[in-house]
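Paired with chain B in one complex and with chain C in the other, chain A is shared by the two complexes that follow.
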Partner chain A sequence: MTLRRLFLISLASGAAASVAHAQAARLDASADLGLRRAVEREVVAARAIGLPERLLIAKANEGIAKRATPKRITDAVAALGKRLQVARDQLAPNPSEDEIAAGADALYVGVPAPILKKMRAAWPDRSLALPLGVLTELVAKGLPANRAAQVVTDLMARGATNVQLYALAQSVQGDVAAGWAPEAALDLRARGVMSLLPPAPAASAFTNPRRP
Partner chain B sequence: MMDAHDELIERVAALLRRRQSPNPRLVARVLDAVDGRPRRWWRSVAWPSAPFTYAASTLAAAGLLIGFLSHEASDAAADRAAMAAPGAQALPVLPVARDARAAALVPVQFTLRDVRASQVALVGDFNGWSQTATLLEPGNEPGTWSVTVPLASGRHVYAFVVDGQQWMADPRAPKARDLDFGRENSVLIVQAP
Partner chain C sequence: MRGPAAVCLLFAAHVAAAQAPDEIRMEAGVASLRQAGNTSRGAGVLGVTWRRSRERVVTTASGSLTSARDSTGTAVGLLAARYQFARFPKWRVETGISGAVFGLTSLRGGGTAALFTRVQRAHGPGGLWAGASSGTTNRFGHNMQSSSLDAGAWGEFGRTSATVTGVMTRSYDTDLMAASSLPSRRPVGAFVVRDATLTLQQSFAALDLLAIGTVRAGEGVATRVNDRAMTFAAAFYLSPVAALTVSSGRQLADPLRALPDSKFLSVSLRILLLRRDPTVLRIDRYGAIAFVRRSPDGGAVLTLRVLANSSARVEAYGTFSDWQPVPMQWVLDAWELQVPLPTGPHRVAVRVNGSQWRAPANLTRVTDEFGGEAGLVVVP
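Presenting the complex of A and B:
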C-alpha cells in the first residue's frame, strides 16, 4: 500500500468521524418548524457564551424521542442551558465538556452549585466527571444533597480514587435496592472506603475551612 | 608427529581458555601484524565481543527496563505524595497519562430481551439521544438484542426505543427520574481503568 493511499484513507476516516459527530449533534428530523426555531435560538445563545451546544440539541432530541410537547422541550432546553452555564462557572477555570455535562446533571437532581466549586478545589487537575456522576446518583437515590456532597468531597480530599468512588456508588445503589435507608447505606459504605485511606489531616479544608 | 602436534594445539588452546578476556587492543595489534596492514585507530577501540545486534538488543532491553522501573517508581512516588498529603496538589510526573481530561473510553454492552421487537435502538446522552445512531443487533437466540458502545467515565442515562415507537427503560438497570419529560431513563456509571 502506497503512502499516498494511506494518506487518502486517513483523510476519509477523519471525514467519516466528523460526519458521525455532526449527525449526533443534529436535531431530530421529525421536529416541527416551531420547535426547530426555538431550539435554534437556545443553541445560538449557548454558542455565544461558549457552552457546548451539542448537549442542548441532545436534550431536545430526548424530548422528541419521548413525544414531549414542543413547549416542554423548549423549556427543558432553556433550563439545561442555564444549568450548563452555572456548572461551567462553578467548575472553572477550564472544565471539560464531560465535566460541564456532569455538573449540570448534579444541579438537575438538586446538588447546590457551590458544591461543584468545592469539588473542583479538591481535584483541580483531575476530571470530575466520575465524582460528579457518583454524587448525582447518590442524590438521585434519595440522599440529602449536602450530606452526600460532604461525603464525596471528604473522600476526594482524603485521596480516594475513581475506583473507590465508583465502588461506593455501586454499593450504596445495591444497598438501597435491597431496602436499606439511603443515609445508613452511605454512612456504612463511606466508612468502608475511609478505612482504606490514610489518616485525615489535622484540619480538613471542607469540614472546618477556617480552622488554622 | 601427529600426536605431538595435537598435544601442542591442545596446550595452546588451554592457555587461551585460561585467559578470561583477551585484551582487544592486543588482539587488534596481533591481527594487524599478521595481516601486514597498518594500524587504524578504530581497530583499537574495544568493541563488544558479542555480535553488535545482540549487544544492541541487550542495551535496548536494559534501557526499557530502566525506563519502566523509573516510571513505576515515579508513579509510586506520586501516589505516595498524594496519599501522604490528601487534598494537596502533587505535581504529576506524567500529567497527560494521569490527569487527562479526555477520559479513556470503556466498551459497555447493552442487552435487551424482547421477543416482539423487530428493531431496537439505544438512545442516551452518549449518542445525543439519536434514534438512528445506535441500533442493537439481534442475537442467535430469538428476541435477544445487544450492542457494545464505548463510553466515557461518568454517569450516563439511556433507554431503548423499540420499533421506533415504544420507549423502554433497561429492565436490568437502575432507573433515573426524568423531571423534564416524565419518562424514566436507565442509569449507568462507567469507571474507566
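Presenting the complex of A and C:
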C-alpha cells in the first residue's frame, strides 16, 4: 500500500512539474500531448546547458501556428537547439539572449559558425544582435556568406555604428531590388560607409620587433 | 419586376464601365422568406456590388434582386460615397441614396427612395458616428415620409469587432408598420420606433461569424409595443475570391428601405469578379510593404501596410506576436499595423482573407522549417 501511494505521489508530482514547466514556457494550448512532451524534452535539455528556452517554445508555437506536423515541429525545435548552442559557443564569453537568437538566425541562412567568432572578436564589448541581423539579411538576399561577413566585420572593426550597418543593408536591398547584382551593390555601399569612417591607424615602423 | 431589374443591372454595368472599378462582387443564392402573417416562400437572390477606392474618396454602388413565387420581389439599389478630409484624417463624411421597387405579398407594390448622410470620427481601432436619413415610400400614388437619426460606435478588439447603434425612426408608412408585428392594428398618424442594435463579429482563420441583436420600442397612436430580433451569419472563405455565406434570423420592419418584418434563411455564394488593386493582380505579395522608424526610447516601430481592399480581412504575424495572427487596421487607404520592436532581426508575414502567409514585398524573404515564408526585418 505504501509503495503504491509513493508511486502515485511521484506520478502526481511529475505531472505537476511538467504542467508547471509547460505553463512557464507558454507552449500553445492546442499542442497535443505527444508534441508537448517532445518539446519539453528539448526545453529541459536546453535549460540544462543554459540556453534560452523561450526561443525553443517560440519555434514550437510558430510550427503550431503554421499547422506543421508534430514531427516537423519537433525536428525544427531540435535543430534550433543545436544552432543556439553553436551560436552561444561561438559568441562566448557572455552573449545575450538576443545575440544568441541572432546568431542562430545567421546560422540558419548559411553563415558559417566561425564567422560568428570573428564578429565577436571585432566587437567584444558591444551587442552583435544588429550586425548579425544585417549579415543574415545580406546572406538571405543571395550574397556569399564569407564575402558578406568580411565586409560587415571590416566595417565593425573600423568603428561603424549600428545605424551605419543598418543603412548598408537597406541600401544593398534597394539596389538589388533595382536590378543590381548583390555583390556589386555590397561593394559599392560598403565603400560608401567606409568613406565615412575614421581611417585605420597607419602601420608603425616599430610594430614588428623582429624588423630593425 | 423585369423592367426595374433590367434598369438596375444596366445602371450597374454602366457605372462599372464608366468609372473603372477597383472591385466588382457578385452574390447569388437561395433564401426562405416569411413575412409576418404569411407562409414561407422560397426565393432567389442576386446581388452585384461595385466599389472604387481613391486616396480620400470611396464610392460604391450595389444592386440586388430578390424574387420569390407568388410575385414577391424586390429590386434594391444603392449609391454612396465617403470622403476623408485631408486636414482632419480622422473625420469622414458618408452620403448616399438608396432606392427600391417592390411587390410584396403582405403589402402593395411600389417604390421607395431615401437619402442618408453620416459623419464618422475614427479613434484608434474604433470610432463614433452620427447621421440622419430621410425618405419617401410610394404605394399606388400615396407618398409616405420617413426619417431617422442614428448614432453609434464601433471598435475592434483583436479578432473581435463590435458595433453599437441607436436609431430613432419616425415614419408615416403605416402599411409597412401595420404589416409587421408593430402594432397589430393600423393607426392614423406617424409611428416612432427606437432601435438599439448590437453587432458582434468574430474572425477565425477562414471563417467569419456575425451576430446582430436588435431591441425595438415603438409607439403609434395609443399603441406601444416592444419587440426584439436576432440575426446570425457565417461566411466561409473558400478561396481569396470566393466565400460561402449562410444567414438566418429576423429582420424588423425598416421604413426607410421599405423592408417588411420577415424571418429568413439564406445560403449564397459570394464571388469576386474583378479586383484591380494589388490584392488580385499581385496575389502573391498583396502589395504589402514594411518600414521601420526608430523611436526616441532606443527601440523602433515597425509599420506594415497592405494595399488590399477595405472589405478584406488582413492579418499579420511574426516573431513579434509569437506567430499568433494579429488583425490589421484600416487606416486612410490601406491596412496598417504598427508594432514596437527591439533592436535585432525579426520575421513578419501578412495574409489576406485567410490565404497563404507572405513576406511583405520590400523585405528579404526567408523560408522557414515549416514550408512557409516570412520577411526579415532588422531593427537598428
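Rule of thumb we're sticking to: the second predicted complex is superposed on the first by the 175 of 212 C-alpha atoms of A that agree within 3 Å, B and C clash if a C-alpha of one lies under 4 Å from a C-alpha of the other, contacts with A are read in each partner's own complex, and residues count from 1 in each chain.
Assume a contact is a pair of C-beta atoms (placed from the backbone, for glycine too) under 8 Å apart; a residue touches a chain by one contact, two chains touch by 3 or more.
Since this is a predicted model, take the numbers as computed values, not measurements.
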Side-by-side fit of chain B and chain C on chain A, or clash: clash
First (chain B), second (chain C), both or neither touched by A:Arg158: first
Touched chain A residues, chain B compared with chain C: B
Contacts of A:Leu196 with chain B and chain C, given as first, second, both or neither: neither
Chain B versus chain C as contact partner of A:Arg126, first or second or both or neither: first
Contact residues of chain A, present in both the chain B and the chain C interface: 26, 58, 61-66, 68, 72-73, 75-76, 79, 98, 101-102, 105, 108, 127, 129-130, 132-134, 136-137, 140, 162-163, 166, 169, 173, 177
Contact set on chain A toward chain C in their complex: 26, 58, 61-66, 68, 72-73, 75-76, 79, 98, 101-102, 105, 108-109, 127, 129-130, 132-134, 136-137, 140-141, 162-163, 165-166, 169, 173, 177
Partner chain A, residues of chain B touching it in the complex: 82-87, 89, 92, 95, 99-103, 123, 125, 127-131, 133, 152-155, 161, 167, 174, 176-183, 187, 189, 191-192
Chain B partner contacts - residues on chain A that touch it in the complex: 23-26, 28, 54, 57-59, 61-68, 72-73, 75-76, 79, 96, 98-99, 101-102, 105, 108, 122, 124-127, 129-130, 132-134, 136-137, 140, 157-159, 162-163, 166, 169-170, 173, 177, 197-198, 200-201, 204-205
Residue ranges of chain C touching chain A (in the complex, touch as defined): 317, 319, 322-325, 342-345, 357, 362, 364-366, 368-372, 376, 378-380
